[in-house]
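Everything below concerns the one structure shown next.
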Amino acid sequence: MDQGKHFLFIPGPTNVPDRVLRSLSQPMVDHRGANFPEFSKPLLQDLKKLFKTEDGEVFIFPSSGTGAWEATLLNTLAPGDRVLCSRFGTFSHLWIDMCERLGLKTDALEVEWGEGVPLEQYRKVLERDEQHEIRAVLACHNETATGVTSNLAGVRKVLDDLNHPALLFVDGVSSIGSIDFRMDEWGVDCAVTGSQKGLMLPAGLGIVCASQKALEARKQAGLSRCYFDFEDMRATNADGWFPYTPALSLLYGLRESLDMLFEEGLDNVFARHHRLADGVRAAVRGWGLSLCAKGPEWESDTVSAIYVPEGHDAKAVIHNAYHTYNLALGAGLMQLAGKVFRIGHLGDLNDLMCLGAISGVEMAMRDAGIPIEPGSGVAAAQESYRKAAAAASK
Amino acid sequence: MDQGKHFLFIPGPTNVPDRVLRSLSQPMVDHRGANFPEFSKPLLQDLKKLFKTEDGEVFIFPSSGTGAWEATLLNTLAPGDRVLCSRFGTFSHLWIDMCERLGLKTDALEVEWGEGVPLEQYRKVLERDEQHEIRAVLACHNETATGVTSNLAGVRKVLDDLNHPALLFVDGVSSIGSIDFRMDEWGVDCAVTGSQKGLMLPAGLGIVCASQKALEARKQAGLSRCYFDFEDMRATNADGWFPYTPALSLLYGLRESLDMLFEEGLDNVFARHHRLADGVRAAVRGWGLSLCAKGPEWESDTVSAIYVPEGHDAKAVIHNAYHTYNLALGAGLMQLAGKVFRIGHLGDLNDLMCLGAISGVEMAMRDAGIPIEPGSGVAAAQESYRKAAAAASK
Amino acid sequence: MDQGKHFLFIPGPTNVPDRVLRSLSQPMVDHRGANFPEFSKPLLQDLKKLFKTEDGEVFIFPSSGTGAWEATLLNTLAPGDRVLCSRFGTFSHLWIDMCERLGLKTDALEVEWGEGVPLEQYRKVLERDEQHEIRAVLACHNETATGVTSNLAGVRKVLDDLNHPALLFVDGVSSIGSIDFRMDEWGVDCAVTGSQKGLMLPAGLGIVCASQKALEARKQAGLSRCYFDFEDMRATNADGWFPYTPALSLLYGLRESLDMLFEEGLDNVFARHHRLADGVRAAVRGWGLSLCAKGPEWESDTVSAIYVPEGHDAKAVIHNAYHTYNLALGAGLMQLAGKVFRIGHLGDLNDLMCLGAISGVEMAMRDAGIPIEPGSGVAAAQESYRKAAAAASK
Amino acid sequence: MDQGKHFLFIPGPTNVPDRVLRSLSQPMVDHRGANFPEFSKPLLQDLKKLFKTEDGEVFIFPSSGTGAWEATLLNTLAPGDRVLCSRFGTFSHLWIDMCERLGLKTDALEVEWGEGVPLEQYRKVLERDEQHEIRAVLACHNETATGVTSNLAGVRKVLDDLNHPALLFVDGVSSIGSIDFRMDEWGVDCAVTGSQKGLMLPAGLGIVCASQKALEARKQAGLSRCYFDFEDMRATNADGWFPYTPALSLLYGLRESLDMLFEEGLDNVFARHHRLADGVRAAVRGWGLSLCAKGPEWESDTVSAIYVPEGHDAKAVIHNAYHTYNLALGAGLMQLAGKVFRIGHLGDLNDLMCLGAISGVEMAMRDAGIPIEPGSGVAAAQESYRKAAAAASK
């Protein structure tokens, strides 16, 4: 099954467009050469458009998204600082875990998996925090393990209503570039992403967008740091340089992927992800199965976690898809292991790629003995896509 | 609709595998440099395996398949020579047309489109040719316009039965490398192919495999030639050289594509094409439509020409597929214009790619008002692929 | 010696720029798809700028330059037609040889190698041809075997002075795109080039630019043809199509290479080739050696053929350069075998690449026992390049 | 000056071979897919050969070499731990600076720039450290700012002679893969490198090889860490996984570059770098200039820092090289600013590339008014290379 295109439907790394793949193959140049800033300065500037920020500053670390999480914490907080956070999946969990390993005190709210950031509980905790001991509030915009998107405008509103000065940190790894994100409008202080999701690149760039308030907070930050220091970046980025050798091939790729996103138009990119996700959700309904997301308000446009019927093993579906049909799906993680499989539907995708993947899921489920009707999901998704196309052409 | 992979389902050019695409980007070297034969000699040798020949010689022209047709005629025949041929589609027609433009006398049998080389008629004509005036017999192995594969072993048998010395020329452009072809066993004298079909390369190489008998025939060939001269090739190829600058990037690609075909195994390649074609044919039945091919014995494993119902226009299907779903289908040609659309299913393809394309065809047909059941073709194809996978895993 | 860049200093194929190499790796599309003319029509149009023609038409054949030579003859002449030509190197010889093999009558003037098209002799022959039996005059713009450039404006003047209606055919394979060429101004009727020289592409495209007069001549052309037929091209090119599958990856590359040539500016491209060639010629003087070209008026800006001193073997220089220093030089051909080595200095080159190659030649000559002073050629070339840079910066 | 190859002669990033550039363009796969360990496990295993270690373990971080420096410190030391180190250039300085920023106590010996690790001073300090308070000894194997290579076997001997248990940490960023390095034989505890030097890759991978003793030391390490945690890597690497998304395109490149290094043979790679460096040093002597390295025992085979004569500005040389001749040289850093320019001669290089660069340096110096004889450096380097080639062919 090695012939033809691999169907990569995990929620990252995503499919890298051919244009971007070719751009990675450009020869190296001197990152301290006189012409380099002509490349690097517009790149950093254009990245700000992705975050929809005027005032924020963007830092590109050679790292994964995990490194960008860490950069955020190290540059803004001191050991022992209190952080409000919520756990409703593997990735929200891992950021909390990192906080603890770095010596922060976490107020970690447990949320049923399938829901996202609990606005009312956040309100209650912050209301009680009259001394403003909570220095930062964490919000996972899109929980990749469950396919749940949280309401960031809502988090901002809670903070504003209470006039609470805590910093707002957002994990946007599997949302930014695919789902609408508004740094300035939502008053986000640090937003984190990685290159291998909506940016349609290989992994290797950890990106943080920091508000002026976050940059100010660095002064009291007592977490030792060097590699991930915002100030080293600021001091050099301003003139188009980097404090150490940047991951140039990925920056070439970033240039190309930003060009592609802007050519399509960010709003069209978000609409496309919504259309593709709607088709996947129609397929799920067509199969008579259900999503992990507990309601339409939580449904993610970048990844769907789908329950297999009781008595069946989602791992068998994933195994069949991978080995028989050249289709990579995401597994259920932690408490969802064996119960769900995940379809990543973000990045450089279109209708027919999704329909091919949905077909593969149907076959893999039937091979695993799950009693769904052949073609039932595909038919539902087709009608969803046709309707969207008809609407778009008007 | 420019995002994601383009679904290229025309019968050539076919999808070029990523490995082959990358191989095209290698820097140039001196094709007269001392090390060049280490590259070129095994390449020419390995090409013979593709044709299943021991005795034949292979020539690679920088040209399209059309050039390879012409090379065959120019090197073996003289103006006024008689050629037996049959017309049952656009490509069998075009080769006949070329014969006539080059001054050959054609005995062109008209065959209903949907069938292939008419063995019994060939037998009758050759039987009557007691003086052996017919110097060559043409056979289009796979008629790309109608999706019909002819019986070459049958043609050989006719010639053998009659002890007729005519040369046997085969157009294998859309078969060789995808459908079993046996140069020596079938006593083929010239077999023609191009790079952009089963070889999974861009167009630009016209390839002819010639038997010793064909090479011998060159002596009486009176058609003026120079660029396409077999002898110029033979005189240089023997030591790994070419008479003029070869199309090196495509030769790099050919090296990679042959490696891929041999890694998969030619028999597995043929079986895969049969499996993929079977799924497409199941979809056609699922839709309640019919193929142009007039019976299972004619059905091609590389391309299917599918009739739309009376009163509908196949061009609308093709238009919708292309503009709305990023899917390229083949059009009906000449007498089939508007009546059929064609799905090419050869080259670097797998099950899910085909299912994506079949989905696209379903949507494009429904958008064109053709009353088929959504998912009906996909479901049938899925079951066909699942059955094949189950059989293969035993 | 396989590490680092290969120094390719033959007169073609030339170094393909990285940008162009990457462009070759683009996926295939349907060359009969609705969007294709958006790509092909501007490409054909832009090619005309390369030839500096308004009235001419350009045809791109999947072939080598040899094929484009043949296309020119087949489309304009009839068997037995008289052609005036001159032989002063391997490539002028080969085109004459082709004429003869195609049944044309050649008036082939023998010229001492090291000179080019003999204007006065052409004048005499044409003057005597009062019946205008000579249907075409051939001129090799740049003889690659000897490094000699001919005076095309002079040929035109001879024809004009005599009011002779013969067609003027130019072999511009190793000049066009590197040395100034003016289709319309010089009244050229067919100009031939290939992709692997000044166009900085792999071989595989044979290109002919034909005047309206040449296209008119096709009516009486009696040489049988099909693959190379101008009319099949014209009938389809007009709307952006091709009569058979075009060599798409090379067309992608052509798009990129034309963009690069126009970005640099054709005049700057010619000036760069002149500067680079001047440096090579300075090196030859620095070594105390001499060029094959018999005077400055014949010196080619794309290739230099350099005599080794009597008693030495140029093959040893080429062998040492290739095997010890990873440098590919051109060999002496036919009567020049062993007497000269050739440095190709066309395509995607700059000063330091040439200085590296000149260094390699110095070492290879010394290894072959040729008594030149180390650094003598490099120093002379350096001063030549420095002077040119200083002049350019003013 | 944008035509032709760029001459990249900085000490990193280095020239990425074409093969490696192409390998970067491979499509993504699931790094948690069942087949991934078939790729990752041999890769990690093969990396150990590069370090010449049996017992060590290798960790690949998506980071620059700076990140790998930090990983080393964070995983082995606690705040307040004493570290012996020496400063003799920018990069030895920066690692000391990092130690201090991370809260370590440094015993930083000041060494004249142009020399390397001061063995006798190290011996004295360690001798006095009877309580073994010094937990780690730092050694910069190759100081990129001055072109100085230190004697690591000597450092080991000092520690062994004194039976001192301090960990030995080596910055091998600009040596490993280009200059012989022997992890086990020299008893190195952590060796750090990056992808963009001897490994001939783009920047983006920080690589640490850790001894079992270093891994043991992690237990007392009190520096907070998460992203750079060795244990997270060990726990997953063992089965071919990574704790977070790896920088896959660079891992593809690493696979290819390791294949190339092993095909050439590590000893041949080192010999090639020595040969190329010897030629550069011959050129420096030919010019009558001097190296920053204070004696042959300090001369680096990967980078040469060259003093311009008093009264001249090295920056002008670098500026001319870059803007006029498309040649990137390294600048003088800190106290060497304006006094030296640096030629990086590591990675995918050969003789002619170096001779081209040396030519460029000659022209750039003359343009800057530095009175050197044209060709003097090139001639000396040529003779050096010819002698080496003659010796190698015996």
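A, B, C and D label the chains in the order they appear, each numbered from 1.
Note that in this section a contact is a pair of C-beta atoms (placed from the backbone, for glycine too) under 8 Å apart; a residue touches a chain by one contact, two chains touch by 3 or more.
In this text the structure is predicted, and so the values were computed from the model without any measurement.
When the interfaces C-D and A-D are ranked by C-beta pairs in contact, the top one is A-D.
Between B-C and the choices A-C, A-D or A-B, the pair with more than half the same contact pairs by residue number is A-D.
Centre-to-centre separation between chain B and chain D, using Cα means, comes to 54 Å. If you average the Cα atoms of chain C and of chain D, the two centres end up 45 Å apart.
With centres defined as mean CA coordinates, chain D is found 35 Å away from chain A. The set of chain A residues that touch two or more partner chains comprises 15, 22, 25-27. Chain contact summary for the complex, chain C toward chain D: residues 1-5, 7, 15, 17, 25, 264, 272, 324-327, 348-353, 355-357, 359-360, 362-363, 366-367, 373-376, 378-379, 382-383, 385-386, 389-390, 393.
Contact residues of chain A toward chain C in the complex are 18, 22-23, 25-27.
Put simply, chain B touches chain C in their complex at residues 6, 8, 10, 12-16, 21-22, 24-34, 61-67, 70, 79, 98, 101-103, 194, 196, 202-204, 206, 223-228, 243-250, 319, 322-323, 328, 331.
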